Amino acid sequence: MRRVLKSRRGAWLSLLAIGVVVLVALAPATVTPQARPSGAPAELKIGFVDFFSTAAATFGSSGKSTTEWLVDKYNRGGGIGGVKIKLVVLDEAGGPDKQVTEFRRLALDEKVDAIVGYTSSANCLAIAPVAEELKTLTVVHICGTHRLTEDRKLKYVFRTSNNQASDSVVLARYVLSLKPDVKTIAGANEDYAWGRDSWEAFKVAMQRLKPDVKVTGELWTKIQAGEYSAEISKLLVAKPDVIHSSFWGGGLITFVKQAGPRGLFKQSLVLFSTGEQVLQDVKTSMPDGVIVAPRATGAYFLDPDPAASPLQKEFVEGHHQRFGRYPDYPAYRTYQAWSGLKAAYEKAIKQAGRWPTTEEVIKAFEGLTWQTPSGTITMRADHQAVHGGLIGITKMSPKHGFAVMDRVVRHRGEEIMPPLGTKTLDWVGGIKK
Amino acid sequence: METRRLPVEALVGAALLVAVPFVLPAWMKFIVTLALAKFMAVLAVALFLRANQVTFGHAMFYAVGAYAVGFGAKWFGLRDVALLLPLGALFGAAVAALVGLVMARYREVFFAMLNLAFSMMLYGALLKLYWVTGGTDGLSAGVPTFLGYAPPREYLRDFLYYTSLGVAGLVIYAVYRFLASPLGYYLKAMGENEIRIEYSGESVRHVMYVTYVLSGALAGLGGVLAGFTVGHIVPEYSFWIQSGDFVFVALLGGYGSVVGPLMGSIAFEFIRTYASKYFPNEWQMTLGIIMLAIILFRPGGLWTIYEGLAARFGRREVERA
Amino acid sequence: MRLLTTILMDGTVFAAVLFLISVGLTLVFGVLRILNVSHGGLYAFGAYLATFLAVRFLEIGGNPYLTYPILLAGALIVGVVAGPLIERAFVRRVYGRAEAIQLLLTFSVFLILDDLMKLIWGTKPMFVSEPYTLLGEFSLAGIPYSWYQVVLIAVSILFGGALVWAVRGTRFGKIIVSVINDREISQAIGINVSRIYTVAFTLGALCAALGGALVAPTIAVVPGFAVDATVLAFAVIAIGGMGSLEGAALGALIVGLLRALAVHLLPEADLVIIYLAMILVLVVRPQGLFGQVVLRRI
Amino acid sequence: MPEAPVLQTIDLCKSFGMVKAADAINVAIRPGELVGIVGANGSGKTTFLNIITGYLKPDRGRVLLLGEDRTGLPPRVITKLGISRSFQIPQLYTNLSVLESLLLSVAAEAGRGTGFWQPLHRRHWIDQGLETLDRFGLKPYADRAVSELPEGGRKLLDIALSFALRPKLLLMDEPTSGVSIEDKFQVMDILMKVVEETRLTTIFVEHDMDVVQRYGRRVLAFNDGKVIADGTPGAVLADPEVRKAVLGRA
């Protein structure tokens, strides 16, 4: 009996000792470096909405991994202004009426302080008026339609990445720099707003930059169609110099798989506006010499060079270590959203000298300039961010086991985004060389 | 018996619904508003379920109503609920009157499939006519006015709620009368025996057609209210999965009564919301499991659960007396 | 001339894919009189498992030529496991119930399958290229095609032929036909109808999974592609006549050729052409091209 | 000039593949007649009714109803003209109650079957419906579900539904098939009383010689789609050819 008691006491003692040691060891890490501003809440609750089902989940999984990595990083450093972030994650699939319902629940039931997310144009257009109605600070991270910021004046909604027209302008400029004598172009796009907008802007930009360019084919496929045999045949018959495509995710991979063996990439210069996103997935199936863009995002996991940019190095290595995948453009755009939100809060705290109201955060956000792995981003008065974009052409990298972007060209934000107050479509029609 | 029981419960139910804005938090009020809107489309589907016919395409009329709101705002600056409600119902009925000419001849799987095809044609057209419909990006609804009156922003949701509730009340009354009429009974009877109807000198096709037009108007009404409530209209309103949801909800609530679909609609919106709250990655599966459970264990839907409870409760009261 | 051969070839390739998607659906409908909405889910499941196995196999350094049997094995596993499971646990309970209930039951199975695949294989696109590229290419009227596309066509024809033979020429087929014609009489003459249902459903599931496994090498398998497969299969068998094997073949050919025609000559119609065909056929001939009208006995 | 026949068929022919289900049938039924049709299974009795009421189209020949050619019109129109029929397998609305089913016939007869606003349960329709149910001995079942009726009740309701349409000619297809031997004559007694009271022109089809003999005023015998005898029950049933065809023995 005594022995038992004794042994138990011994165990307790040793546990206590271990506990003390661990606490001491952890202590430096848990002390918050920042002093909490007065009036600060116990936690900052932020919703993150992205696709976790349907084909668009390929974007959502990058968004989610970046969010997890970044929020952990911020919270290790004390959170935002000394307040830790609590994350509420929701699926973006299910249509706008579900998203509007969810948005209201996030704002009114979960009482989140801000919401980050929205990849689909339909969803971001649907929730914007709700955000305004409920006065909920919302940071749109990927959705690309120019209508978001041009249809109505936004107060509570910000977009931390450039819009879809930039993608097409970057592509057009790059094509002409590689192949100045291009005569014919053709488009293979999905038959919905994103595909239509992408092709229209590209076509207009091309015709503006090189007026004698002829369109020899426009293909409109079903969204994420699994069979492109006829489309590929038609492109093989038409033999255009350049083929533009805004296919994405699984549809893009399928197209590359089916077109590659049939020699489409040998015949024409093909460009994919979202191509960078699938490079790690398609591995060796992507031939060399295909123009791929991370849309018009300002970073790529090899550019800026991680060796030269600490932010980039930390992100690329951290992400790869944790998720086994290098950050792709949805990851960078998610990064832009979170870091922008954080920067806005911190600026507002500094300005107010206490915990800021949502209105004060908004004020701080407007005109804000902040650093990201993809470079410096500026938030304009119309709540549209401006940043540079890069583009390149594929080249197999045996080191990585997949094709990487080669001959990367970087465009400044002003070259690829309409200036404040100009309608995107008018601007694309008037771009200069 | 039933007639004696119903009014009291109807009053209690109505009183509960009237009290919603005062009792429930604002986000739940929104959910109930949306549920009331969708209820009308569900009721349209439930009419056919009574006749043993499934439609995987009634989202088509729901979309027609919703796009009436979208186009009204985009082209004509129309945003008055009192004007758009009858318009939406009218468009819904008109499209149904046209499609119904073909559809009244079909039953069972063919009825389901052909409805699906028509709704997917509309879906395709809404995607295609990008310059008109905004494609998948969709259209914004105007901020609604009510008979020319624009309520202050903080009361807008209450106005929408009570409008939906009022319309739902009228719809319940109208459908109740329809179902109690000869044609309503013929509708139920045709699920069992069309031959006898034809040998009574009545036309089953006519029964189908009238019901189809009515269902188009109902779903159109629902679409108008949903358009205003959600504020954004996209082609998905016409997608077959949306139609499938309507059928699911009708079954969830029970299509044997007029109130069942209402219970189903409200329950569905809450289930869907909580499913995506607690299972953000598996909410579809959660819906599927609930649906399976209903089909296998409670084929009459929520309504029969309620009826069972009411019967038990009623018996106890009798025993006490 | 070149345009014509291209359209014919593209149309046939697509038709082969469509046939593989839809033949199981029409089979199940023919025997069980249930439109199995979860069919697309089984198709996707087959594609996922086959791709997964093939990728794993290649990762451990397997011979690429052996990926073909591996793909088939994946389909087989899905078919013989999921088929009886779904039929015994769920579908069986709604025989004789209202059609709405049957449709919704399989719809809920579909929803569950869709998320299940996501839980197992995640959301990143999965694919295997080797079976597609291994066979090389050939040129038809100056347009290169992959031999694998020809394999798809050949397999569809063989597969369809085998099924027709199984139904028309074997004892098992005669039993099935007897069950299709009259359940009660079949029961009375000692046929175990319940077992036939299980077998037929399993066969349908197997067809679906096999279709998925064979198409998988040409595509990237992503969440949600089950939805598209389902609607396409519906359209095909509605056009051809529900429950008819020949109908599924003809329906697939019509849809395939029409779509190829649309892509080459009228790309704007790509999206709606299938539904347009479906409406036209159903309006003119409600029972589908090969469907039969049943007159009720009074 | 004699009154025009309620029903007259001229040279009706119908084949199913190799089987001749109707082979040059010429029949005339005058107002007030009560005619029994007898024949073995497959002799073409039901096909005859199906052609008259438009469920089947004849390959050849004409159907005259109330003196006018109505060949090939659908059942709905034929019924509107005043020709009602009942069925060998009762065609009922098993998901409605007995009274509701009957009210649908009453509403149809009143020309209000397509009304979709006024209720089906109107006082005078209910009275009318209950009265009809009473005639057929079904009043106690009025509020029961049709699915709960015993077989005899189902047959009677099936006929009541046709009767409530107030036809000028009532066709009954095997009113006692499926009814137990003990109940057969009881069912027929009820039916014949109704027919007599209302002086309704009636044709009933039977394969049971006893029933035909007892209730028919005039009997037609069918075999292989042909009318092989037409006359009084005594005469027809004594005919050896008829006995051979119907009973399988002379």
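Order as written gives the chain letters A, B, C and D; numbering starts at 1 within each chain.
The rule we apply is simple: a residue touches a chain if its C-beta (ideal position, glycine included) is under 8 Å from a C-beta of that chain, and two chains touch if they have at least 3 such contacts.
On a predicted model such as this, the values are computed, not experimentally measured, just so you know.
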Partner chains that chain A and chain B have in common: C
Most remote chain, CA-based centroid, reference being chain D: A
CA centroid of chain C to CA centroid of chain D, Å: 48
Centre-of-Cα separation between chain D and chain A, whole angstrom: 76
For chain B paired with chain D, centre-to-centre distance based on mean C-alpha positions, whole Å: 43
Centre distance in Å when chain B and chain C are each reduced to the mean of their C-alpha atoms: 33
Per-residue overlap in chain C, given as positions that touch at least 2 other chains: 114-115, 118, 268, 271, 298
Set of chain D residues in contact with two or more other chains: 87, 91
Where chain A touches two or more other chains at once, by residue number: 52-53, 191
Partner chain B, residues of chain A touching it in the complex: 52-53, 89-91, 94-98, 100-102, 104-105, 107-109, 121-122, 125-126, 129-130, 133, 145, 147, 151, 191-194, 196
Residues of chain A touching chain C in the complex: 52-55, 57-58, 60-61, 191, 217-222, 224-227, 229-231, 233-234, 236-237, 249-251, 253-254, 257-258, 260-263, 278, 281-282, 285
Touch list for chain C against partner chain B, complex: 29, 35, 90, 93-94, 97-101, 103-105, 107-112, 114-116, 118-119, 227, 231, 234-235, 238, 242, 268, 271-272, 275-276, 278-279, 282-283, 286-287, 296, 298
Parts of chain B lying in touch with chain C, wherever the complex brings them together: 49, 52-54, 56, 102, 105-106, 108-110, 112-114, 116-118, 120-121, 124-125, 127-128, 195, 240-241, 244, 247-248, 251, 281-282, 284-285, 287-289, 291-292, 295-296, 299
Contact set on chain B toward chain D in their complex: 177-178, 180-186, 188-189, 191-193, 195-203, 206-207, 210, 214
